[in-house]
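We call the chains A, B, C and D, going by the order they appear; numbering starts again at 1 in every chain.
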Amino acid sequence: MFAVAITLLAFDFTIHRTGYGTLAYQLTHDLWPSFLAYLVSFFMIGIIWVNHHVLIRQIAVVDRTLLFLNLGLLMFVVLIPFATSTVATYRLAGADARVSVAFYAAMFLGMSAGFGAIFEWTLHENRREQPLPAEAHWPARIRFVGGGVVYLLSIGVALLNAVAGFAVLALVAVYYIVERTPQAPAPAQDEAAGTAGNTTAE
Amino acid sequence: MFAVAITLLAFDFTIHRTGYGTLAYQLTHDLWPSFLAYLVSFFMIGIIWVNHHVLIRQIAVVDRTLLFLNLGLLMFVVLIPFATSTVATYRLAGADARVSVAFYAAMFLGMSAGFGAIFEWTLHENRREQPLPAEAHWPARIRFVGGGVVYLLSIGVALLNAVAGFAVLALVAVYYIVERTPQAPAPAQDEAAGTAGNTTAE
Amino acid sequence: MFAVAITLLAFDFTIHRTGYGTLAYQLTHDLWPSFLAYLVSFFMIGIIWVNHHVLIRQIAVVDRTLLFLNLGLLMFVVLIPFATSTVATYRLAGADARVSVAFYAAMFLGMSAGFGAIFEWTLHENRREQPLPAEAHWPARIRFVGGGVVYLLSIGVALLNAVAGFAVLALVAVYYIVERTPQAPAPAQDEAAGTAGNTTAE
Amino acid sequence: MFAVAITLLAFDFTIHRTGYGTLAYQLTHDLWPSFLAYLVSFFMIGIIWVNHHVLIRQIAVVDRTLLFLNLGLLMFVVLIPFATSTVATYRLAGADARVSVAFYAAMFLGMSAGFGAIFEWTLHENRREQPLPAEAHWPARIRFVGGGVVYLLSIGVALLNAVAGFAVLALVAVYYIVERTPQAPAPAQDEAAGTAGNTTAE
């Protein structure tokens, strides 16, 4: 599902043979908002995909509640190609562009909340193979709430200025890719535990 | 397959840069029938996906008959993005809208019948790892037939009134999400047995 | 991959809100060639999917040759949505329709040859977990060659009459679904051996 | 993901019922650039898919770095349907065609670099189940760098002559399919080790 959504992101790229200038012009002038939005969306979905993969491998118990929480997350993931295409359509300029970036940020807020709900579910009733120590629960939750606050902020910023709102989201993506230092408590443990398994990410 | 079908649901959303009003107007006025139909279809496919996943994990024997029954189910699942798009096109108003909702309900009837056929197949010849006790067969069957009657009813209601027919289907989706109480006999056993396995829903 | 191809088949269905008559008229008059071609393609891909699944489970050794033979098969599977759409476009009437059905049949011929090549590969060097007895090799091969001859024939028939050519292909699909009697030598053994495994067809 | 990208390649084929000549004419005159580009892209993605599959099965340790390296590879894989469609649009003739083939070659360069990064990652810290002997590291790296040089060259050639640039890429695809001789050091070992596992390529 992540795979399908991430592949469909690239569907927004279209080349026109006539009436839109040379290919070089189209690639560098017309398509840059699509490429930019593609890049941010690709890594945002990719980060959630990686985190989801690492989290799911830790889970010892699969029940219907987890499957429905997963559906809630995926409902937002599936909307991201549409939100990405909308941002690219309005090219970060004008009143509609402000709405488009706010809508785009709202999808990330939903995706983040959906992932947080699955994470919260794993903390209880021995649902993880190697339970997270209780003292690590609140730091992890605070990180999720912190992420949510940033997305809320980016909605507000986007409604004032589309470029600034989009820049906040791009910075969040860069932060999440760079951030995964071995010292970070919760992810590091997942990573250590994850070395026992063998998997393909296809 | 469920993943591909559920992702393609969101393909129906399109933003027009010019001639259709502001983005905010399009999102709130033009796209609401698409969003509404998306939501109902997303959870309908999601519920079947979850139930299919839980049922398949219980199966001890895979033969060609099961694979072909699966194909029968998937034939309807794959048509749901088209039926969803048709409902959104006619916006729940007028004679065509009544036909569109009836057609949409017919796809859910087919999906439900396809799932019921797989369920029936699992009841016989020790095809489940933990066979369902014989006294639970008829209550489970009655639930399936009951679901089928509701879909048939919704086809009839839709032909009289598109909004009412769609509302019946939306209520069915809400019912299936809320309904899975631990006391329900057949699903509860699946759920308990399912805790031994570990799986991702991607 | 089979899942993606089979889901994309339904992408050919489009409803026009204005200028094409009522929805009921479009569903019953305009879309029947699409529905018909969809049905045949769906079951043709489905049959190969089921057979491929049963065959792959029997394989003890995976090497690069097998992976490339798989690619060869998939090259034709991936073209079937396009060929299906082409058949639906020309609606089984006129000179173009004859070419469209011949092209469609050629894709099935390629798919069948690709599957036959994988099957042939499994016969040698203990590549199956339970090797097929030598005396069953030639009957199985003859069945494959027989299928190939029927597809060749359907290309010829299609070039004379589109409806007749399409009917031959539809009959092949029906035959393959009905045919899998327990007495059939090769598939029956696969089926018996297959009962040990547990798998999902998603 | 590879499966979705490879299936979407065929989406570029479109038949026009009127105004574009007969179907036979369209298939043989209008669509040949699409078919040609489809074939090359199909086998290029297929080769990376097979190699990726063989490499991943060798991996004993999965961590976040590997998952992000995978994302880097997939970012280019996902762009290949768009690059393929662009090449087909300009039909290998004119200034735009030269840019289109150079862009297409750049995607393969990115895909190759992404795969090389994953391969390099597997060489260190016992990340392979059967570590590659140290003396095989440099020959393998030289092969990757050699591949990269050929792609760089094809970008240069394409900017001078679209047909020649495309021919270089087609030859690379043919070379990779034919090349996998059992004597080749690194792949041969993967292949031998790979015979222990059983997998489907769906």
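The definition used in the following text is that a residue touches a chain if its C-beta (ideal position, glycine included) is under 8 Å from a C-beta of that chain, and two chains touch if they have at least 3 such contacts.
Here the structure is a predicted model, which is why all the values come from computation and not from measurement.
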Centre-to-centre on C-alpha atoms, which chain is most distant from chain A?
-> C
Homomeric contact chain B-chain C: same or different residue positions, threshold half | different
So, what's the distance in Å between the C-alpha centres of chain C and chain B?
-> 27
Centroid distance [mean C-alpha coordinates] between chain D and chain B, Å = 38
Multi-partner residues of chain A (at least 2 other chains) = 3-4, 53
Touching pairs of chains, which are they?
-> A-B, A-D, B-C, C-D
Residues of chain A that touch chain B when the two form their complex | 1-5, 8, 52-53, 56-57, 59-64, 67-68, 70-71, 74-75, 78-79, 81-82, 85-86, 89-90, 95-96, 99-100, 103
Can you name the residues of chain A that touch chain D in the complex?
-> 3-4, 6-7, 9-11, 13, 15, 17, 22-24, 27, 42-43, 46, 49-50, 53-54, 177, 180, 187, 191, 194-195, 197-202
